[in-house]
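Several structures are given next for inspection.
First chain A sits with chain B, and in the next complex the same chain sits with chain C.
Moving on to the complex of A and B:
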């Protein structure tokens, strides 16, 4: 009996891999955006001593290969602290922090894009700090940030393919398995690539619609 | 220092890996910029077929993970009877993926060129090729130094992925050292700092080039 042919079960395998990739992508995106947003707010309020640390860490994360970060977390931290870490945990931690670093930069420039005069005007009107953040800065910063953020997320979706290297059974890992079994790299990798392509396109399309909706709500409608 | 003690015996080996990284990056950057400039000029062409083909290339290679592209070439090329080494495959894959991003940058540079400038060149009697190579491209490249820099930095970071196809560049060499010393944390921490300093230096160099090329521009 030969196992080298494609079987209907391979479709299940592909869907499984896609599920792992998407679940990890969505999870790390939510965690990463939350951390990135928190960092941007802390940065905005000039909490003493935090600014240089935040900038240094995010720059280091942005300027080093994700693969090395994955190795550091997956192989390095367990050996250093003598703890156990599963591939999924290491992947979640690494990609989340990586997304956070990129999101921080976007959110920071989003907050900075709000005109200084508007904040002063709001202060004169007697709005509190949190009211200014919620009512004045947030809506405009959100509309400004969505575009670049979608670009980053499309990129992060592709970055998740690297977690296959530390043994997470994501879509790329499934591709590896199928490739080794069937020895038909052209078909296997073209299919895997197509699935990633469609996922990225769907994401970009959804992002574009959200951006259009947000921009509508902040557009200057006149008095 | 403990980090230095771990790394010290393997410095020579790591430097070899570093040299391979630099070689791969330089070749890939050259390939990516050439391919990107060619694609960008195709994307700004009047011919719909040429434009469509170039757009499709950029679209596909920007939306598929580099790891998948790399495996496609690494396992696929021998199927076609093309037997080249892992290093060459890596450089080709990096050039093709990088070219897709570079073409975006150069295209937006081309689109910033004022229509009046092109009209002036036409009136002066320059041929279409001359206008493109002597007028449009110099302006476009000047504008796109900074965004191109971030693409190239990304390309340097991407080169670490070549370690997955048995190229022992810096990351591949570090993997071996980590496995030999049983000190992965120290090795990868040093590696992370190395890459971060390399790319930071690169970004300083890009800023310098940007300032030099734009020294006659006002307000840039």
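Moving on to the complex of A and C:
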């Protein structure tokens, strides 16, 4: 007997898949934003030799398919270095770095969006580089970055669906399982798509609210 | 004392300042006149260390601005007011004024704010302490810029075309404040196109022509027929400015 029909338990499966997707998304977002921010600060300080390396690596990450990056990390690196890597480790590493590359570009533009004039004024009044970065540049760069970051994260949420290919039991992988069992691709993928859609919309909506709250509290018209 | 000796500044092939010599003693108000592109602003930017010299030497109270430690000390002794105000847009007027006193002079916040409020009162902006630059007019922004400079209690005030971006009415407000400061004995290096005003407040006037300091005279002598006006270029410059 084939269990071809949908069962109430499928909802639990879907929720589990969604949980894995969201956990991976949140984890890679936190790691990615942190690394992206660090890269932008190192880039800003013109640490000798770092700029070309950072630009090269982030450009490579931004301009190659995430699926290829995922294969390189999951199959290529373990084979090359003779190490073992679980699908979740490979997925976390790949998506984190990919988010970091895009976040770096946003943070860098945020930093560079601050007028040279203001920085000169701060210099003339004797503020040091880290004081200028923290007190003059960072608040304005942060306000500048919120909108673009939300856009990137909404996209990255969907990019996580690729990790199903290397065997992570995320939402898409659950979709695959349900599809193979029920042979009802239209219903299964419509439902999976709808769940992604709702998650992405919720994220975009939350991002929009944060931006609006910032705009209300930031009276200087920086956003 | 601010001393510039044989100062040379080159941008690529362009020689913007040519062997400029200038001394500013405490208590003096020295106005730098000259056509646009004559190097006036560059000279100010060399004194406050925003441009590195390509020749010569500038010291502020003996501190050489081309050395790291010297520049820190020189910047402590002077404060700059900019043509385009250069305020921090994400900070209120009060925040703009207190930032450097708190961060650089390490004043307690309350003391820095009390001083800032007193300065704002003095320039007629007591009610605007919590306004952001965006909410202020150009003239108000520049008055905040002046307060920001004064809050550092500088020995020298460097003013780089501070009224060039303002309309005549706002210019009047700003110039009144500068006149009061001059009367109080504030030492100023003043780059401007406001010739009549310069004549009133300056103790000395120097004239830059294509990067060369061609005249350096006490104010009365600068405007005297047998002084500055005897130099054809200055006569031409002054008559042109009057027509405008």
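For the reader, a short list of remarks on this structure follows.
Here is the rule we go by: the second predicted complex is superposed on the first by the 214 of 223 C-alpha atoms of A that agree within 3 Å, B and C clash if a C-alpha of one lies under 4 Å from a C-alpha of the other, contacts with A are read in each partner's own complex, and residues count from 1 in each chain.
Operating definition for what follows: a contact is a pair of C-beta atoms (placed from the backbone, for glycine too) under 8 Å apart; a residue touches a chain by one contact, two chains touch by 3 or more.
Keep in mind that this is a model prediction, so the values were computed, not measured.
Touch criterion met: A:72 reaches chain B, while chain C stays clear of it. In the overlay built on the shared chain, the residue A:8 is in contact with neither chain B nor chain C. Of the two partner chains placed by superposition, only chain C is touched by A:118; chain B is not. Contacts of A:131 after superposition on the shared chain: chain C is touched, whereas chain B is not. When the two structures are aligned on the shared chain, A:161 is found in touch with chain B, with no touch to chain C. With both complexes placed on chain A, chain A has more residues touched by B than by the other of chain B and chain C. Every residue of chain A that touches chain B in the complex is listed here, in rising order: 59-60, 63-69, 71-72, 75-77, 79-80, 154, 158-162, 164-165, 172, 175-176, 179, 185-186, 189-190, 192-193, 196-197, 200-201. Put simply, chain C touches chain A in their complex at residues 48-50, 72, 75-76, 79-80, 82, 84, 86-91, 99-100, 103-104, 132-135, 148, 152.
Residue ranges of chain A in contact with chain C, taken from their complex: 115, 117-118, 120-127, 131, 135-136, 139-140, 143, 218-222. Chain B makes touch with chain A in their complex at residues 60, 63-69, 71-72, 75-76, 79, 153, 157-161, 163-164, 171, 174-175, 178, 182-189, 191-193, 195-196, 199-200.
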